[in-house]
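What follows is a structure written as structure tokens; I'll ask about it next.
Chain nomenclature is as follows: A, B, C and D, assigned in order of appearance, with residue numbering initiated at 1 for each chain independently.
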Amino acid sequence: MMEVISLRREFHKHPELGFTEFWTASKVVEILESLNYKVLYGRDVIDEQSRRGVPTQNILDEAFSRASQHGANQTILERMTGGNTAVVGVLEGKRKGPTVAFRFDMDALPIQESTNAEHFPFSLGFNSKFNGNMHACAHDGHTAMGLALAERLANRDFCGTLKLIFQPAEEGGRGAYAMTQKGVVDDVDFIFCSHLGLDLPLGEVHGGNSTFLASSKLEVEFHGVPSHAGGTPEKGCNALLGAATALLNIHALPRFSGGITRVNVGILKGGTAANIIPQQASMVVEVRSDKADICDELLNRVYKIIKHSAEMHGLTYETKIIGGSTTIQPDPELVSIVLQEAKKINGFTTFKEDSDVSVGSEDASFFINRVQELGGKGTYMNIGSPLPAPHHHHEFDIDENVLPLAVNLLENIARRMLS
Amino acid sequence: MMEVISLRREFHKHPELGFTEFWTASKVVEILESLNYKVLYGRDVIDEQSRRGVPTQNILDEAFSRASQHGANQTILERMTGGNTAVVGVLEGKRKGPTVAFRFDMDALPIQESTNAEHFPFSLGFNSKFNGNMHACAHDGHTAMGLALAERLANRDFCGTLKLIFQPAEEGGRGAYAMTQKGVVDDVDFIFCSHLGLDLPLGEVHGGNSTFLASSKLEVEFHGVPSHAGGTPEKGCNALLGAATALLNIHALPRFSGGITRVNVGILKGGTAANIIPQQASMVVEVRSDKADICDELLNRVYKIIKHSAEMHGLTYETKIIGGSTTIQPDPELVSIVLQEAKKINGFTTFKEDSDVSVGSEDASFFINRVQELGGKGTYMNIGSPLPAPHHHHEFDIDENVLPLAVNLLENIARRMLS
Amino acid sequence: MMEVISLRREFHKHPELGFTEFWTASKVVEILESLNYKVLYGRDVIDEQSRRGVPTQNILDEAFSRASQHGANQTILERMTGGNTAVVGVLEGKRKGPTVAFRFDMDALPIQESTNAEHFPFSLGFNSKFNGNMHACAHDGHTAMGLALAERLANRDFCGTLKLIFQPAEEGGRGAYAMTQKGVVDDVDFIFCSHLGLDLPLGEVHGGNSTFLASSKLEVEFHGVPSHAGGTPEKGCNALLGAATALLNIHALPRFSGGITRVNVGILKGGTAANIIPQQASMVVEVRSDKADICDELLNRVYKIIKHSAEMHGLTYETKIIGGSTTIQPDPELVSIVLQEAKKINGFTTFKEDSDVSVGSEDASFFINRVQELGGKGTYMNIGSPLPAPHHHHEFDIDENVLPLAVNLLENIARRMLS
Amino acid sequence: MMEVISLRREFHKHPELGFTEFWTASKVVEILESLNYKVLYGRDVIDEQSRRGVPTQNILDEAFSRASQHGANQTILERMTGGNTAVVGVLEGKRKGPTVAFRFDMDALPIQESTNAEHFPFSLGFNSKFNGNMHACAHDGHTAMGLALAERLANRDFCGTLKLIFQPAEEGGRGAYAMTQKGVVDDVDFIFCSHLGLDLPLGEVHGGNSTFLASSKLEVEFHGVPSHAGGTPEKGCNALLGAATALLNIHALPRFSGGITRVNVGILKGGTAANIIPQQASMVVEVRSDKADICDELLNRVYKIIKHSAEMHGLTYETKIIGGSTTIQPDPELVSIVLQEAKKINGFTTFKEDSDVSVGSEDASFFINRVQELGGKGTYMNIGSPLPAPHHHHEFDIDENVLPLAVNLLENIARRMLS
């Protein structure tokens, strides 16, 4: 039998950034295949063009080689070229029934892991072998849970279809959307997504989480005309003047009476030399709201500001969505089922219907919204673990005792939904 | 015989702002008619729609009544309603010849004249009777010179046609353009314009003046959507955000390598209350250059900034040219003639081809450019007078000794050109 | 016996803006004195220097004369010069007990009242006699209620002290603060404030209202150096560049995670002419939050932006608070008493602990906060009336049937608190 | 005898950027020493701390190694560590007399040289061996001229002292200032600086060049406080808001009536991620004027804008001058001598007192100004050569026939000044 904690440690050692989860995804494929799941992966389960914020070819190539050198299965790898690292395992039960999906995210973060003696993964020697990357958001645990769940149900003693979704590039909200565009959840009746940690006490579970903000991340390129700033300044079209005008006006977007708003121009870069009218500038913008329609409206207004800031200075421009997510409205029926099943498990002690901690944005929202749009139901659970350091911190870690608890919970839910 | 100094004092007593020169223009008409000139005035010599910066009807009405109360000829006045206060006197010589024009401006400034005992017009009692207005730029002298010249040539002992142009609203560059649009100088072969003062020594004359900057003055109205700033800020379209963005970007227009540039947003007004998203804003912009094409290009860029600053914030807008002028390139042939004739007159002692003092902008430029465009020639002379205080100062005055000198010079020029 | 509806109509006919309530306040004084209240008014109950947004002397003088011409008591008026139109009526009960205050606001709005036949005050002939002003926020009703309450308790058959506060200049948040600065509520144990209308059904009462936003309104004057924009632009210090920079950066202040924020630059005016570098600009800024400390922090940041926008351009500046208010946390004990007493009154049918409609900001907050700060308790009630048009609309009106209901409620509360 | 054309080709092959002229400077030292000049170099002739825009240690180290590998004298190199690549050769004449200096700049540009068959240096095989660098501004020729001149005067048959200044880092205006700070020209009576090329016809010489703009280049670092843009935006201090405000206001600096102005924010970079309030931003600013005092005043105003844009947003900041130059007023006496000597040389055909082409900025200005400040005289000559492509272009080249002509001219001048 697979041991979820050992698995988690294997994944922890091999942290890979979004769309470069070559090692991770190929391990997932191998294990699912060994359990006789029907395994779809690569371009079969992700719409290549709909992916957001895909790394450069160089970065993809390096990660690909690294995975290969670290023992990833070459045949599997070949079907994931270009960063198409999504995996879906499907298992038909012995009897007919609904399709029930669980979703797990696989990507890590560009953080140098702590080598402090008190950092548990380091002291036990399962810290990151991929320098500069780190599983600092529990996705290693998520992936391990998914595989452990796969094993528990592998005997097919259930009614309906089990669908295990292993998603790349959750960080930045970049992978889920492209999988929904490929129709991965179009046949799903019920979907369960979850997150470990959140610095909740061990044993606390939230049946739903409605606190996620919708978000959009936008990359903008402004193109102007360079000119010598001393010689012929009037012949230039100044990309930084356009960008600075956009930046100020984006931050000056109004508050909305209908919900929370957030705007940020997180990055601005432009120009080449003191004496050249800047020809080019790039900008990264983020908007958020607790209401999906307000987030959309903010994005529309950002587009308008960019367009006119550019044209005011004779610039052309391009925009590209590089990430995003939407809000989640958990279905009360599933929230209730999660809590009922959790109560049956020794070790869970605190039960809440909704989250009382906010964790920002989550692109599982695209899966849940798509399922609900087609008449199904979904929820997003928080499964508590205390933390020595916050999410995305270089000393982040989970209490591994949460892992078997979480697998038990998912198994209970799966068996109930597929009974 | 008319006395130029007495005339000047009469005009000094009755200073009228641009397009309200009802008293002044009607006196000019009366005198020219008494000298048997053919006198065209009102809508016959100015294109009503092309006038810029016309005062409100209230202001026009008040000035009209004031002129009437101060003895202006009612019949003449009636043909100047609406502020059409332009006058042209034409006299055919006894023999055929070219058409030679002289131009005089008639308007005063919104300045409260000094009542300091040392202010000469006050001490002699010919200070402004029209409270709040003042002839502080010598146009009273110009108008008087024009009428004195009219008398000198009244016997028609010359070849060709003499055309005396009395222009309203030179200040702000508002009257000349509309007169050229009516074709007032389309038949002119030679045109002479001039200015008294400039704090040059008495006896100094400049045959040309190429130092004027082209300028355009623009009024902008931004229209947005008001909304309660606390209740529903997102429903507003904020006219002041658009205007402030335009203001900063207009001032940030590039320097030009080909010439001098100037930009200014001289006035900005918008909004109604602390708690209302501003629905409306108005702005007055000015651009200048020593090159007419750079001035045009600056104006184009201002239009572009206004358009996109407005549309960025969902505003509509209107723009209106409220004043302007262009550059002057005096014809060397006329410059030379001016200096030759000045040298014949006792009292002129210093002779320069071009101005070495800059006096900003001048809409006589439209007359001169139009004449040159149609194949004629023109120049703009400086006729020096020392000043107790600068132009546009409430203690401005000229040395009246310049007046007979200037009339002699204009007569000489007229006789030479019409010989 | 005084009739509350007749009284309301009298006040409706004589609407006076903040700090010009000479007619209204003198009537209040007269009636309270006739009921044998101890009446304090003028500078005795308001700190003259702490008042915000006081009108100019001209406006005060005109309103003063108007009140006099409409029959206001001259002796009383003389003690209200300078716009010190606050009134407090105090009545000692026959026995000892707590001090219980009720607060009523008296000012009207600069709105031209409708003369539409369907506008009830017009059709009954009690529409505004003070052209341009209108009671469009129910303060006429509030003042009438206060006087009716005064009569009900006039026999002194209670324990403790009744304090009736008639406040000027609630609109814009300008009067209450200066009364608290004079110590008007420093001896108060319980304070009840209320508002009629809100388009709630007749019979609905809210025992508390915690929805008010804290707000501050700020006036800013920027002083620069003028200069000719063509001649010597570099000698100017451009007040509009400073103001536009401040405006953009104020709107770009961050959202706060701890509460709602609002920012608005509602008015900006500066400059005098197209060709003058603007010497002066004035600005009106408003900030709001549902948390008083966030509102304070926003104001601090606005000050910082103004300071540095000014100094960046060599400007000096002055700021002045012209209005404001804070949040209200009703005491649950009083909320409960209000609802208990309302339930005893025939006509009240719907009872809520807190408001479910937001009416912006309220400077009664200063009274309530001061009482609570000194250990007392307070609440703010909504007393529902349907409305033909929203608050501050020129066809606003209340259903007068609410008035006797409201007086009954206040009487019940007063008797209970003073029993 | 050294051949100036061969020397120029050697230097052309080894182009080195400012402060990395290790190969070039060490060759200069070797040759001057071989001619029995007293050679001062390294920290003896440049004030290390006053240098501007010094490359990083990495870049210095790489260039140092490269020079070493290409045969530079290791002993000499060791005295130039840290990029102290300045050289001064001094030769005492046989008799007493004035000190006469000539200045030559040695640095190349970060341009990939053309490998087009028609590019003369490439077709003859003396193109750049230092990949990515190129002598595209004739400094290779200048250095060769300096050494050829050294040889011509090596017999010491003159009165006074000859001082040959070989300056690093002229591009960007970074080297000359630090040499003047070390006092290198404090004993100089006459200084001659020159430039080859300018696309003037071969044989044209300008005795002076007064067209250089004063310039200052400034690097700014803004330091704020990062914060999660979704979670707690109010806890951040946004470095990009400060930088964008500075950028717009710097571009909005006024035109000056007293001279030409230029302003440019050439580079702006800040922020790290879409969801982080930007903690840091850096900016490169350039100002220029044809009047040194206006350039200083522009720089003062830029400092003021930076200070207040930073403090407005709670940022700290640092500024550093990374380059600059000032204006040059050639002494008429030296201009005249240059032209007289040129006329004696067969090959020079066109003689002008001042430049009629503008070549931007030149930090030889610091040498000339310092000499003049101490009572000496100086000039800057243009020595014409037609060009196949403009200065700083990857196909730039000079007509090598100018080199012997130029050496003859410098020799004539030296002999005359030292006679």
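One rule holds for everything that comes next: a residue touches a chain if its C-beta (ideal position, glycine included) is under 8 Å from a C-beta of that chain, and two chains touch if they have at least 3 such contacts.
Quantities reported herein were computed from a predicted structural model and do not represent experimental measurements.
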Query - Interchain contact steps from subunit A to subunit D (minimum; 1 if touching) - result: 1
Report summary line: The chain pair with the larger count of contacting C-beta pairs, comparing A-B against A-C, is A-B
Query raised in the report: Measuring centre to centre with C-alpha atoms, which chain is farthest from subunit A?
Result: B
Requested in this report: Call it same or different for subunit B and subunit C: same when shared residue numbers make up over half of all numbers used at their interface.
Outcome: same
Report summary line: Averaging C-alpha coordinates per chain, one finds the centres of subunit A and subunit B separated by a number of Å equal to 69
Query raised in the report: Any idea how many Å lie between the Cα centroids of subunit A and subunit C?
Result: 51
Query - Numbers and ranges of subunit C residues touching at least 2 other chains - result: 231, 233, 238, 241, 245, 248-249, 251-252, 255, 262, 277
Report task. In the complex, go through subunit A and note every residue touching subunit C. Result -> 248-249, 251-252, 255, 260-263
Requested in this report: Within their complex, state which residues of subunit C touch subunit D.
Outcome: 231-234, 236, 238, 241, 245, 248-249, 252, 254-258, 277, 297, 304-305, 307-309, 311-314
Requested in this report: Please name which positions on subunit D make contact with subunit A in the complex.
Outcome: 172, 213, 215, 217, 228-231, 233, 238, 240-241, 243-245, 247-248, 251, 262, 264-278, 281, 284-286, 288, 322-323, 358, 360-361
